[in-house]
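First subunit A sits with subunit B, and in the next complex the same chain sits with subunit C.
== the complex of A and B ==
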């Protein structure tokens, strides 16, 4: 199983990478929206975890792009910050499957990942 | 100078040696008292559907640790919701309970923030085959077989309560500069990752000091706004509250003048130096 993470905060990116690798997943790290979209097009990705506010393309743009592409079924988890409730609603409308608010528990994230990949 | 008689000298020396020995033993005794100080405020949850057992256990714990704060749950589901809302130092978990039993409750509690290490003690009837294995598998740490005596609870509390915890928190109090619970949240079960996590914070912050200076010298407001936003994110993730606040001010600054008047770049640099110093010493 290969999971793509899109996140411009290096700390969060590395934390998720560490947790998921420990659980036996392969991970693809991207640090902005544009890079994420191109990796999703060109690699086999089973699940996407994406931040909302990122340079070049936002998490919302990533969701739209994925849902319109050949990988339209890929499950997606959104990482939001407190006070971004409106954006979370929009993310769900665009087709996100789940979300977590920072600061989140890495253990909880891995449980949610497991559930979506079942 | 007064001449000293040999007996006198001997007496004085002997007395000194005895005194210092006495002091030493007193010190050692004190240390032991401090390391297992039951007068501290522990937060203890008792989950039991039997009201008599509950009352007894409450009384026993109050006798042993008089300043402890006790939480009670009549079933597993209640235990879970108490854990979601409170910081708990130890849980006495009856295994056979309605709604959600002790094993199921423990499984859920182990998934909560900050509950990976919390000692959870199973209270069992002691005669159900395979129960011990199930308990261990669910993440319970120890067992008490009914009927429970005061001595059993004392032994369990002595073994599992973290008597050093409060002191540690006091010496590690960095106020709003550094909230360690954030780092612990992201790294709790993993010491080597914790080291790496802290190194990443330090690297990111050191890098950003250079970038702040470069943008500021070039009077690049947009660059400063974006960098402020980025460092704010890192600061929030790492529990650096004051730095998060300062960088948010930079993110929202509408002129270089405003930055200068409020000395924001200097304040951020000073704060970063301070927190890096803290981070290197935890």
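== the complex of A and C ==
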């Protein structure tokens, strides 16, 4: 199973990467929205974890791009910050499957990943 | 030719030399600053990678052996300061056990010593930083020191002390609001509210909150109303309503918002009574409040506003409120009865939007 993580905070990115690798997943890392969209188009991705606020293309743009692409069924978890409730609603309307609010627990995230990939 | 007549050949050569030397010095200076900048960036990148690794390995309980390299880096004071900054940022992004792991890392490397040194510094920005550090890392034993900073002359230090106290002591920590002279910024209010997670089950709480609602400090009144909204303190309704007549527009705005959240049978009546004395901005806010309250008893008032008020915005807000309390047929009936093309247009638009 290959998971794509789109996150511009290096520490969060690395923490999620190592947590998921420990759980046995393969991980693709991207640090901006544009790079994420390009990787989603060119690689086999089973699940996407994306931050909402990112340079070049936001998490919402990634969701739209995925839902319009050949991988439109790929499950997506979004990471948002406190106070972004409106954006979370928009993300669900666009087709996100789950969300987590920062501050978040990497353990909880890995449980949600497992559940979506079942 | 004219220039050559003014300066001699030797002077010309000297001038060229000076220009060349200046050019050379400029190139050397640019080169040196670029090298220094490059070194700083490389060093920061290296530090970032090392610190990130230390943090995520701790969070994921992944440290196989003691990190001797990391201990070597910790001999540098600037590295320690940078490490603390990174820990503070990391603490904001993680919850649960991960948050605790970050706090443990702060203790494990004895970074508290640095924070305590800064807490006793003469520099205001260092004191503010130190309060933020000990608060974030949950060092409650520093509370007496933090309390002593509540009257500090520097805004930043005072704000951090207020937040630290509230974070550690909860609602009881807000006692500084009783006599607060300075205005709390919106951001500071947000932070303080966030720090209050529960209200103590005491009779005194209502009395304390009532006093804050009468505070001469506008920002204290506003923070109190936000607190009332957060904890749905319905018993405060009438005391909040007293602020509808406040001379400060922001207080009135917050009062209307709060009344809607803790509404009772008298709320609509109070708002409608207030309506006539308000300017258009507040009239629209009251209409939006009535939309949320959605009480059919307000329909006559709303219909009058929709039909008789000359303002397009007021008409629209009235129809929107009516739309929440009456049926589509009632709205169509209102459109049919009205001679105003403007009102008909608003009603049709709102019906279509639904």
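By definition in this document, the second predicted complex is superposed on the first by the 118 of 118 C-alpha atoms of A that agree within 3 Å, B and C clash if a C-alpha of one lies under 4 Å from a C-alpha of the other, contacts with A are read in each partner's own complex, and residues count from 1 in each chain.
Definition applied: contacts are C-beta pairs under 8 Å (C-beta built on N, C-alpha and C of every residue); 3 or more make two chains touch, one makes a residue touch a chain.
Note that the structure is a prediction, hence the values are computed from the model and not measured.
Visitor: With everything superposed onto subunit A, say whether subunit B and subunit C fit together or clash.
Guide: Clash.
Visitor: For A:18 in the superposed arrangement: first (subunit B), second (subunit C), both or neither?
Guide: both
Visitor: Could you tell me if A:103 is touching subunit B, subunit C, both of them or neither one (first, second, both, neither)?
Guide: both
Visitor: For A:93, decide between first (touching subunit B), second (touching subunit C), both and neither.
Guide: Once the two structures are laid over each other on A, A:93 reaches no partner at all.
Visitor: Of the two partner chains, subunit B (first) and subunit C (second), which one does A:111 touch, if any: first, second, both, or neither?
Guide: first
Visitor: Between subunit B and subunit C, whom does A:8 touch in the aligned arrangement: first, second, both, or neither?
Guide: first
Visitor: Can you pull the subunit A residues that subunit B and subunit C both touch?
Guide: In the superposed arrangement, which is not itself an observed complex, subunit A uses residues 9-12, 14-15, 18, 102-103, 105-108 for both subunit B and subunit C.
Visitor: Can you list the subunit A residues touching subunit C in their complex?
Guide: Touching subunit C: residues 9-12, 14-15, 18-19, 22, 102-108 of subunit A.
Visitor: Report the residues of subunit B in contact with subunit A in the complex, numbered from low to high.
Guide: It is residues 111-113, 116, 182, 185-187, 190, 193, 196-197, 200-201, 204, 226, 229-230, 233-234, 236-238 of subunit B that touch subunit A.
Visitor: Which positions of subunit A touch subunit B when the two form their complex?
Guide: Within the complex, subunit A touches subunit B at residues 8-12, 14-15, 18, 53, 55, 81, 102-103, 105-108, 111.
Visitor: Show which residues of subunit C lie in contact with subunit A when the two form their complex.
Guide: Answer in residue numbers: 48, 52-53, 55-57, 59-60, 62, 86, 89-99.
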